[in-house]
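Going in written order, the chains are labelled A, B, C and D, and every chain counts its residues from 1.
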Amino acid sequence: MTHPSDTGPAPVLALKGISKSFGAVRALRDVSLELFPGEVHALAGENGAGKSTLIKTLAGVHRPDAGQVLLDGAPVVFHGPGDARDAGIAVIYQEPTLFPDLSIAENIFMGRQPRRALRRIDHRATREATTALMNRLGVELDPDRPARGLSIADQQIVEIAKALSFDARVLIMDEPTAALTHSEVARLFGVVRALRDQGAAVLFISHRLEEIFEICRRVTTLRDGAWIASEPLDGMTEDDLVRRMVGRDLAELYPKQDVTPGEVALSVRRLTREGVFTDVSFDVRRGEIVGLAGLVGAGRTEVARAVFGIDRRDAGEVEVDGRRLTNGAPSTAMAAGLALVPEDRRAQGLVMDLSIERNIGLTGLGTTVRAGLMDRGAERSRSLDWAVKLRVKYARIADTVNTLSGGNQQKVVLAKWLATRPKVLIVDEPTRGIDVGTKAEVHRLLSQLAADGVAVLMISSDLPEVLGMADRVLVMHEGRLTAEIPRTDATEETVMAAATGRAA
Amino acid sequence: MTVTAPGEAPATEVPEAGATRLVDRVFKMRELAILAVFLVMIAVTQAGNSAFLSEQGVKDLLLNATILVLVATGQALVVITRNVDLSVGSTLGISAFAAGIYLQGGGNPVVAVALAVLLGIGFGLLNGLLVSLGQVPALVVTLGTLYIIRGVDSIWVGSRQITAADLPGGFVDFGSGGLSAVPYLAMIALAVLVATAYYLRHFGGGRELYALGSNPEAARLAGIPVRKRILAAYTFCGALAGLAGALYLARFGNVDSGTGSGYELTVVSAVVVGGVVFTGGSGSVYGAALGALLLTSINSVLPALGVSSVWVLAINGVLLVLAIAVDRIVALRVASALKKRNARHA
Amino acid sequence: ATACGGTTKEDVKNEGGAAASAGKADPDAATKKGLTVGFLPKQVNNPYFTSADKGGEKAVRELGSTFKEVGPTSATDTAGQVSYVNTLTQQQVDAMAVSAQDPGALCTALKQAMRNDIKVVTYDSDTKADCRNAFVSQASAEDLGRTEVQLLAEQIGHKGEIAILSAAQTATNQNTWIEFMKDELKDPKYKDMKLVKVAYGNDDAQQSFQQTQGLLQEYPNLKGIISPTTVGIKAAAQYLSGSKYKGKVKLTGLGTPNDMRTYVKNGTVEAFELWDPAKLGELAARTAVALASGQITGQEGETFTAGAMGEYTIGENGVINLGKPTVFNAGNIDDFDF
Amino acid sequence: MPDSLTRAVRWDTVVGALLVVVLLLSFTTVDGFGNALNLSFLIGNTLPIALIALPMTLLVVSGEIDLSVASTAGLSGAVMGALWNQGMAIETIIPLCLLLGVVCGLVNGLLVTRLGLPSLAVTIGTLAAYRGIAQIVLGSDAVTDFPSAYLDFAAGRIGDTFVPYAFLPFLVLLAIAVVALHATPFGRSLFAIGAGEEAARFAGIRVRRQKLILFTVTGLMSALTGVFWALHYASARYDNATGLELSVVAAVLLGGIDFDGGKGTLGGAIAGVFLLGALQNVMSLQDVSAQSQIVVTGVLLVLSVLGPRVARQIAAARAGRRAATAPDPKTPTPTS
């Protein structure tokens, strides 16, 4: 590997020849990595490449099967996350790890609350420190609000605040931006730069390459758990990086096929849900991909939930192919040909303890039956069929999905719903936490589906994705539809303007 | 959550203050709901029978609640960590007998109580070790130890029994005595209760119990010594069950191999009525204690009102369901309140 | 005739129960040795039954046979008791002495046992008559019921409100006694006494405790309580002795001297009564052996000698009476230890 | 870890094996066990637990629990006795009792699904309530004079075989339950609900409806058990079957049903039920005191959860060692 002698100081934290297996899966094979103070280091790789496993090893969550962790050049063994934390390593894990019943303030300071006399907790100080952190991130979250019910994005923010509160020497972030919109990402990067300039070492994981290029100095690439390269980013192009990750050249990221929209497949009229969104009306036609953009918390997910029938709507109508859907009944929505790929894959998309086969099978309970009994053969082939179609990376179709990497889990969710061959497909953050390669596949899939006459409603906080894929862009702001912009005049500016409620 | 446009100063203070008050109010209400039910019940009874709140009457109310309050407090701690201890009844029984046997041999009451507590701690540790180290479902394990301890108890006790005659007079008098209407036993229970509540609210260890009940995986990642905490919770629960055993002996002056059997359901009911949820992470020991007070009082109220004992059980059950329902409706109100605030923020 | 085509209580009335025991009794038959007699109390670990079964064991030994005791750990585990009857049947004991938790529940199993010519004696509480060969009664229900009322009446000077603290509502013997108490109270000499309530403590210390409290709160000028159950009287005494009612509210009923000694001495209780459980057990054992030896069959009028206890005659429905209960008070209580 | 291993260490199979071993040993070594009469006793006395264990297993798999089953049984028994005393015909009484069970189940189900209350809490409440109502209905009576035709059916056995009459209907019910849980979409959805309720809802599974059905069926079966109990023991009392819920729970747990929901098989549960039944029978025959029997039950329960865990760790360790030498799994290997 190119040893960066130019970076001057010795690495704060280094991995040497790390290997880690889970049962039959070899997540990491002889991986090495060096983190230097005052630099932001990117960790790139496809879904399942081993990024999260690597950082979990750094954080003392996993014990490596082989290899060693060096802190300031001296080998250390972390017996648990506590050890790593005490060594000054702060970690933002890929999946938010909050205590739903505790207040945001407690979530952030759990285990190290400011103390008063007799080691009693100083609640006031805790609250104030939290407010300070929130201001630093430029967000407004009530420190006393319990974490339960926070949107994915809000949860991610709390995680970031938690990591910052350590003033750690090493800050590790596993896809912190996956759930965030541009402006929030900008804020985050501001803070990260400040930390870097104070001499902290930062390890940054993201599937949004532009982010990597924006903030990182060097990048380490993994492929199938093996170390590929560690090198400076300047002089590299996105394509170079992608080639490193995927090992081949990448097809176009937004392969949008032009189609002439057919008749209306999904029609939403004056949909309203007290206190969350109001008077939302729109149509989606066959073959059309409609983007639904907006700031986090705009209510997009809530709209999707209400349309699909997860939440009861207080007012309004939803029609699929002219069939009016009963209020609050997902089963009838499915029967009508509606499918929803939800935002939170762990809680809503997948039953984490069930196998890949069974998870995909769940949406087919009505179809893979013979004489009222399950037709196991049909169930399995249906699941295998789609798992392969979407190139899910797994050891056995009978493995539980919680052994899959984030991105592969997302693919299983997609498989599960595409298997129902829907007429109307609503996808909420379909590519959140998915690597470029897969992203391109998902996009290809979506536009393929559209081409085949499926009506697609795509909720996404990833603006380029919306602009790249959507025929029309709907924009929500504080629970209202504020704009409908045709593909031709949809730009970052127009959309953001409508999303922040400034113009439009 | 919103993104404050650059330049605009984040107006955090206003909503925070408001929110704080709201949340606090609402969460206090969870206990308030039970307290209300309790007070109404007492009032009605007093109206129907003026003798009810006589000095003797009040004393009896408190005495009856004491033992259940203690055990429920311990149980609450365990339930908060998303576990449960079904073996408390057996533990209470066996430690009561141990203390009794010791006193029968002319032992010193203080030592006897200590003995009971130690025995409780022992069994608490056993449960704690099985659950935290063995990492096996608490329900099964403690149901197992419920049987084991009960069995060992009845083999050891056989047909022997401790009667008031075997106990030093001072011990028995202590069991029924008190300062005017406030029994000594109740004071002990209250002290334990307040101390526990304070610890849970104001000490790191206490908060960590809530944390790991709320999300065990996250607790591990936050570097909380999960096993240690769970072990501590069970030990404490066992200790209180042991203490309760000693007090039972003082109170009823009578212990045999059946003492405390079937108690687990009562305790769990008290905790549930008290608004401590079984999915862990929420609820308070005050709630549990109120639940205990409510349950035991029902058993005094109905006879005092002359309700035929045939009805007691049914009314008990219905009240139990009602109490939970009320609590639930309050909880729902909390949720909707939060959602509304959410929307305001958005 | 079946009502609306179904089987009703009426139809069943005519289905007579099969006579318990046939065969001819031979009073002079030799007492068999080497028999196995199984005792099945309502509940093992229960002090009362333990002393009863001890008495039984002593007798069985004397008669040169083998004694064994089995039983459930809970006094309400009828199913458990049934399966113990089955177990004894399987083990081919020669006779069993059973204290039935339920008059009906054990019938099928007991008949099954008798069909495998095992002699069945019930003691302390009976089953339906056709489900056993003989019932050894601790004292005629009548004696008990009436004497307890008399005891209390003397203590409260034949006037004032009284209450009864019983065990489980379903306890057969309790209920028969209570019937006789009510009947006794009809006598004009009790005209100033009023039975205000029957409370049930389910033979559970804590419940009996709270029931007593309830009684006293509900009837502030209650003068006396009768508790015809050892658990109940003990709990009531414990509550009274720790409350302001000590000595003011009289308490009597059925209790064991060892349980009650303190309360008699500290003046909470003047007098109470009980038969000697050991004797009850002994008589049950001797009856069982007599049956197994063919000296009796359980028919009314048959007589047999129960060792030192003297001669007993079988009354109607195969009931054998132990005799009058003993009254315990400060004077004599120290002469007893059970 | 590989399927072979997972299957090898599945606890329900272990329990099944254990049951067989116990039976074989008892046949050969315990006299009085093997004969038809005793076996019929064994089965007869275990049937009530087994009957309730059927719906309870489904309920637990879907992540809920019903502790009021014993009280429901007691209530239906009490009502049966009361109506019988009224002189109503048994043929009308029994359906009424079953209907009552359905109502009891519905009440539990509605409280849980509509108000979203935790089933543990609700059913502890109704446990007291139903038993209390039973006490009000029948008071201190003990009704014993049911028609002998029915008593014989409930207590008797087929000729001199070890098979009680009541065992045959049970087998039918068992078959139905097994199919329902393991071979129908309904059963599949229960596992999904138990393991991830929200995800199940997002997959269009009608969670509340399924749960309501389960609670209702549980009520029905409990009532049936109550009727059977009253006839089997020829005694209808308000306190019939008291404490049965713990025995059921214990047996089901022993059978390897995970109370967090989403795991377990009916085979395991029923094996657990009869394992406990057989052990108690044998121990009684061997003059093991009731107290010691309690201890044994407890130890078994603890082992039932420690056992599989230890096995799993061993398995994982082995798999780990194998992986070290295994070729790295490239993208899909859809053959397993």
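Throughout what follows, a residue touches a chain if its C-beta (ideal position, glycine included) is under 8 Å from a C-beta of that chain, and two chains touch if they have at least 3 such contacts.
Given the structure is predicted, the values throughout are model-derived calculations rather than measurements.
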| item | value |
| --- | --- |
| Chain whose average C-alpha position is farthest from chain D's own | A |
| Pair with more cross-chain C-beta pairs in contact, given B-C and C-D | C-D |
| Centre distance in Å when chain B and chain C are each reduced to the mean of their C-alpha atoms | 39 |
| Separation of chain A from chain C, taking each centre as the mean of its C-alpha atoms, in whole Å | 74 |
| Chain C and chain D: spacing of chain centres that average the CA atoms, whole Å | 36 |
| Distance between chain centroids, defined by C-alpha means - chain B, chain D (Å) | 30 |
| Contacts with two or more other chains, residues of chain B listed in rising order | 154, 257, 310 |
| Overlap residues in chain A, where contacts from two or more other chains coincide | none |
| For chain D, residues contacting two or more additional chains | 135, 139, 243, 289, 291, 294 |
| Interchain pairs in contact, sorted by label | A-B, A-D, B-C, B-D, C-D |
| Complex contacts: residues of chain D adjacent to chain A | 1-3, 179, 183-185, 187-189, 191-192, 195-196, 198-206, 262-263, 316, 319-320, 322-324, 326, 328-334, 336 |
| Chain B residues within the chain A interface of the complex | 1-5, 10-12, 15-16, 19-20, 23-24, 202-204, 207-208, 210-211, 213-215, 217-225, 280-282, 335, 338-343, 345-346 |
| Of all residues in chain B, those that touch chain D in their complex | 130, 134-137, 139-141, 143-152, 154-155, 257, 262, 265, 268-269, 272, 277-279, 310-318, 320-321, 324-325, 328-329, 332 |
| Interface residues, chain C side, partner chain D - complex | 2-13, 15, 44-45, 68, 70-74, 76-80, 82-84, 86-87, 89-92, 102-105, 107-108, 112, 128, 168-172, 175 |
| For the chain D and chain B complex, residues of the former touching the latter | 67, 111, 115-118, 120-122, 124-133, 135-136, 139, 243, 246, 249-250, 253, 258-260, 289, 291-302, 304-306, 309 |
